[in-house]
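Across the two complexes that follow, subunit A remains constant while its partner is subunit B and subsequently subunit C.
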Partner chain A sequence: MFQVIRRFATSVSNVADIVIIGGGPAGLTLGTALKNSPITKHLKIHLVEGGQIIEPLTSFLETPPPNYLNRVVSLTPSTIGFLDSIGAWSHFNQERTQSYDDIVTYDGVSGARMNFEHPNIATMVETTNIQAGLLSRLNELNSQQEVKLVIQEDTKVISIAKDSITQWPTLQLSNGDSLTCRLLLGCDGYNSPVRHFAGIESRGWSYNRWGVVATLKFADTEFRFPTGWQRFLPTGPLALLPLPNGYTSIVWSTTPELAEMLLSLDETEFLSMVNAGTRLSTEELSMIYDLAKSKSPDLLEQIQWRLNLFADKLKPADEEDFPLQVAEIVTGSRARFPLKLSHADTYVEDRVALVGDAAHTTHPLAGQGLNMGQEDVKSLVEALERATSRGLDIGNSLALEPYFSERWPKNHVLLGVVDKIHKIYSTDFAPFVAARSFGVDVLNSLGPIKDFMVGTISGNSKR
Partner chain B sequence: MYPLRRQFSHVGRLLQQSKLTATSEIEMSHFNQLASTWWDVNGPQRILHKMNLLRMDFINDTIKSHLKLNKGITNPEEQIYVPPFNVDNVLPKEIADRINGEQEIRRQQLWQQLKLDALDIGCGGGILSESLARLPVVNRVKGIDLSTEVLEVARQHKELDPMVREKLTYELKAVEDLDPKTEQYDVVTMFEMLEHVNYPAEVLKAALRHVKPGGWIFISTINRDLISWFTTIFMGEHILKIVPLGTHTYDKYINEKELGQWVEDGHENPDLDDLRKQFEVAGSKGCVYLPCYGWKFTDNAEVGNYFMALKRRE
Partner chain C sequence: MLIVQQAQKRSFIIPSIISSGLSYLSKDIRLADKMEDGELHFPKTEFEKSQNKSKPLFQRPEPNYPGHVPLYNFEKLLMFLGSSIGAFVNPTNNNFIVSLGESTAFPWVLNRLRTQMLNDPNGRQILKERPHMTSKSLNLDELKNYPDNSLGKSYFLWLEREGVSPDTRVPVKYITDPELAFVFQRYRECHDFYHTITGLPIVREGEIALKLFEFMNLGIPMTGLGALFAPIPIKSSQRRRLLSVYYPWAIKNGTICKPLINVYWEKIMKKDIDVLRSELGIEKPPDMRELRKKAKLKKKQVG
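Right, the complex of A and B next:
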């Protein structure tokens, strides 16, 4: 079992090889991968997490919650391949995951669409499922090995300083202990204290958009293969991603105003609004938004009437061009998070490395954020394995540089591409719409290019 | 890159005096300069730090590839299949992968059971010594050098890392002054050292005495050819100035063939006590420095810098 260090009466000074700050997917994957590797498993590793994770994650697997949680991510086959290679994938609750073969993106203004097809192009997994599966695998590894990874949960980092003699990072923890390490890994999110300690700048901008999430259920009108839908509206894309049993997780990226409006609607209104968002024209939507903002009692009626009109005009052959209508919502699943782009100037400094959101954040429209973080973990673990087998001090920049030079350029390109897609679709200015729609139509019919795009979206995995 | 090789160093005694004479002031500042830059990975010794990566790769790969997978296993059921040909070109991929996979697992098991004692001759500031000490398969490391200042750098630096503090010791000694009866090692290293001494053959002979049966000597030095002169002296010292002027002397370079021949001569020597009879050249690899990238192995060990491994019979 874990060695869980809670509060001590007297303060203790610990020394570890690696301290991972952050028990999210990045930190847990990193810890699991390092324990799984025969080359690095002998290293003394501590994972420090400010919140409580052990009990919630353990009970997630023992007694799974009745409803799907609203924090869901799309995993590429490459990510799943990596999670499998470290022995963690089999610990996930597989029944709660949904793999799909189809992605359809369509233009909210012109209707131009692209269709990506590939077996297991992506898999939807709840973030908590990922963390729980990793924790379970970590548990298993700890029980098999002498040197155990120590999880210090419910422990915040008060301050970080460099030891005056060795220059090793020393952390003061909220339980009074101090923890010194050879290598400090920042998996501590967008506001990363580790990044600040290392003096690394992060550049980017806020998109001035919010992602509204909710867990909904499709109407039981007909059978559809699980598909990922994304409609590019001028205010931001509306994505419907498949969950098991006809459920769907939506991410509606939109302006702060509209996000507030969406969260203020009652459940029936919200469901109608989502259906409107997937079908009605941008002019109609504008009008509907105004009705909603002014809290008009006719809102529901208006939307329904327009949706009926739309259904009447729709040819049966074109029905499958749109997702099914949504009919139910999991109460309390509506939430929102701010969208921003950021990229750290570097991922490594003396005795510090950044992974995941601490290093970069992106728009969710391409489903790449968490996957980029997983590729970071894979690259960093390889660099640490190499350095360890060469007897290097793993905190030394010589040991860490290969990780930075492998990941930074790739991440930079992907962040840039996603940013451009967001910008291209953020307008309804006719010439731009025409150009992008033409581009989409052309790309959609070019086999080799689409194969390349599918390969990139799915992480080029050989699975 | 340049362990200061002064056989009879007065500096040690000078430094102990409480009065700072003019000479020792120069030495002190020289020492202080060395100390601060030797271990700066981005400083003047960066080439050396980069070369250390290849040194460790060479040692790891050589020892691992020579592990006898079926040593001491008489039961044919437990033996790993080691065919006398290269499976990758002959057998279908799945079968080749399985054979290689089984071999790799056994190799890892044997590797992890090793407990090696290592001697680093001409250890300098301890770059290699510390890397060796950190390996779980290394039990202890002794580093010897003839320069007091550089050894001081090494000693100070090892105190900063608990992983090497206990396993590593440094001594101000020449290899010929070590007692062959008590100082026996599994691995003896002489990296970038032979091209700096006046009598390399004598130093090598002395080193042979400290290798246990089945043990290794790892050497790296530079071939005496035009390419070496161009890269290490012309470009390295005069043009790019990555290496201090006068570090290398062309006549002292030793060819890979000459080293191999030296071992052969020992085999043919009628004197039965010649230790060279127990040693074989186990392998050699060339390497080249690419600015902005680092060191890279090459297939030609007869041109430029190279590594060589000598193995003693069991």
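Right, the complex of A and C next:
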């Protein structure tokens, strides 16, 4: 028989089964889960990351930084269950995580509040801790297996194109190599080049809000159980999330002008401002914002005066309705990031799948962005396992479609709900405030419904 | 063929009365209830019994500031009804006006005033220092020596002309929040200064005109009610004068002048009163006492 020999072959390029672009939590979890699963561990996987991650993440576990980093996320029990099932959770630095049992959300205008109580309702973990734990597990898996996952760090993707003959995605990397793969997984964030390559449209809008983050420490006045606080101000929610040893990570989603003002304050003024944000009325806050924007010298004095008045009026029984005052700040931990909503039209295309922020971004008020990404990973890995065990080509839409059909509607609903919550709380128009406060008061007294809400969001897990 | 079965008639009322009565009267049923509650075999200790003593249904809440008398909502409503009728019938009795003011000073009204004060540097200072006007704090003895056209001298002269004193102001009792109570108290105490700066006398007609001026500037409901209803029982000549001269003046000046709640009167006593008027945007209305005197003379000449 004839043997067709290709004489004029294209330049030698690496070929892999799966290429994961992006070494963030989504990409690393995906790589670890695929390597952990006995069904998919034989696949040749490359992880391409534009920055340096191996050295910083290894040194994070060996010599942990003295201060908590300002990028912290709240993980649901379901996410932790998944990380545990792939063997990564035990590699995290557990001392730097804080699990908490209570979430209190209260209205900035009317004070109507909702208490969610459930053992281990969520756990705060630094993003770097997540990545470091996953990398450590990945190294462990690599050492135990023959086919190793290759991490190409400090390597940017110059371009992605479809190979002319096979139609497989081919990447041109910054180190000169080219990489072809059967399946390209985009875990590369909001401006995903993989999504652009696949021609997938992503729809949404900017919230015109910025999230100001900082790492603060509560005043050492009394003992409190770690609690997650969120106050819905008309400009955006202020959340105080617990870290170990009385530290707290704040996320203050607010307008661009106020975000700029918050970052320009000095440290004592910023701490006072956060304390004011958790306690004072919206009229007092407007006065304080105006004083701060005009750089008035007696800003601190005025804030302290209003806080003292508030403390005098507060009955001792109601003191636990508000978080403790913050007294210290980790220098240099203040930062801000823009908030936007986006959802890709589809998660899968021929030989391409999107995971995490490449597929969807959301408002941080519900703390679900990263958790949605982790659920995506779980679902995608299941789909790939199923496809591999049936001998399918994993890049084929048939193999990837179950992932899209399982995750897209659930993510869409969650994105929609979070968006509506943001919109409902963005106003101080009296009838809306009255309606939402009434709703919150009613909902707060319906225990079973609250448990249902908590259960849906945190997923069913044995934890 | 249709067979209609008549439903069995069952008695309902009498058996239910009997069974509910039995749960009181029958010892067996009472013991069974107690056992279900766990009180039969584990009776409550004295301590537990004292803990369960529920609070009485109507217990007045604690006062928030010295002199505070917390009222229930129905009491506030009764106070409003009583004082509004009383103020209409007998406006010379100060108690009616005072009670009407406090029962209609809703939190959102005082909140709005307080926000106005918070947004102004002078207003903030007033809120922080919480000054109370007494004849001592205003140094009434020194005021007579102040320069002629100053605010302090004019105030002193006005006090003498009308025969009143700043010590007769009734303290606020029925407003819940201490800071809002202060705002209302401040309004009450500054009332005399509003008289001074507009030159209106304390006769009934003058008070009504000033009420409308205050309503346009401060928005306090009692002043609005007064401006609306108080002209009804007065003499027609006075009413005509009010409606043609003073009401238009009050509407115009009350709206365009600066919020008077933010003026720190105690600190500007030496200021020239005309300069102050122009800064605030107030024009002096025609002197009411003069107009009344002229009208009386004219009437005497005609009649």
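One rule holds for everything that comes next: the second predicted complex is superposed on the first by the 450 of 463 C-alpha atoms of A that agree within 3 Å, B and C clash if a C-alpha of one lies under 4 Å from a C-alpha of the other, contacts with A are read in each partner's own complex, and residues count from 1 in each chain.
Just so it is clear, a contact is a pair of C-beta atoms (placed from the backbone, for glycine too) under 8 Å apart; a residue touches a chain by one contact, two chains touch by 3 or more.
Just so it is clear, the model here is predicted, and its values are computed rather than measured.
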{"item": "Superposition on subunit A - do subunit B and subunit C clash or fit", "value": "fit"}
{"item": "First, second, both or neither for A:Leu398, with subunit B first and subunit C second", "value": "first"}
{"item": "Touched partner set for A:His42, first subunit B, second subunit C, both or neither", "value": "first"}
{"item": "Partner, of subunit C and subunit B, that touches more residues belonging to subunit A", "value": "B"}
{"item": "Partner chain(s) touched by A:Glu284 [first = subunit B, second = subunit C, both, neither]", "value": "second"}
{"item": "Partner chain in contact with A:Asp84 - subunit B first, subunit C second, else both or neither", "value": "neither"}
{"item": "Which superposed partner A:Glu257 touches (first subunit B, second subunit C, both, neither)", "value": "neither"}
{"item": "Partner chain in contact with A:Arg390 - subunit B first, subunit C second, else both or neither", "value": "first"}
{"item": "First (subunit B), second (subunit C), both or neither touched by A:Glu117", "value": "neither"}
{"item": "Minimum C-alpha separation between subunit B and subunit C after superposing on chain A, in Å", "value": "34"}
{"item": "Touching both subunit C and subunit B, counted on subunit A across the two superposed complexes", "value": "none"}
{"item": "Of all residues in subunit A, those that touch subunit C in their complex", "value": "283-284, 286-287, 290, 302, 305, 309, 313"}
{"item": "In the complex with subunit A, residue positions of subunit B that touch it", "value": "41-42, 49-50, 52-53, 56-57, 60, 108, 112, 130-136, 138, 160-163"}
{"item": "Contact footprint of subunit A on subunit C as seen in their complex", "value": "64, 111, 114-115, 118-119, 124, 128, 177-179"}
{"item": "Interfacial residue positions of subunit A with respect to subunit B in the complex", "value": "15, 17, 38, 42, 165-167, 182, 388-393, 396-398"}
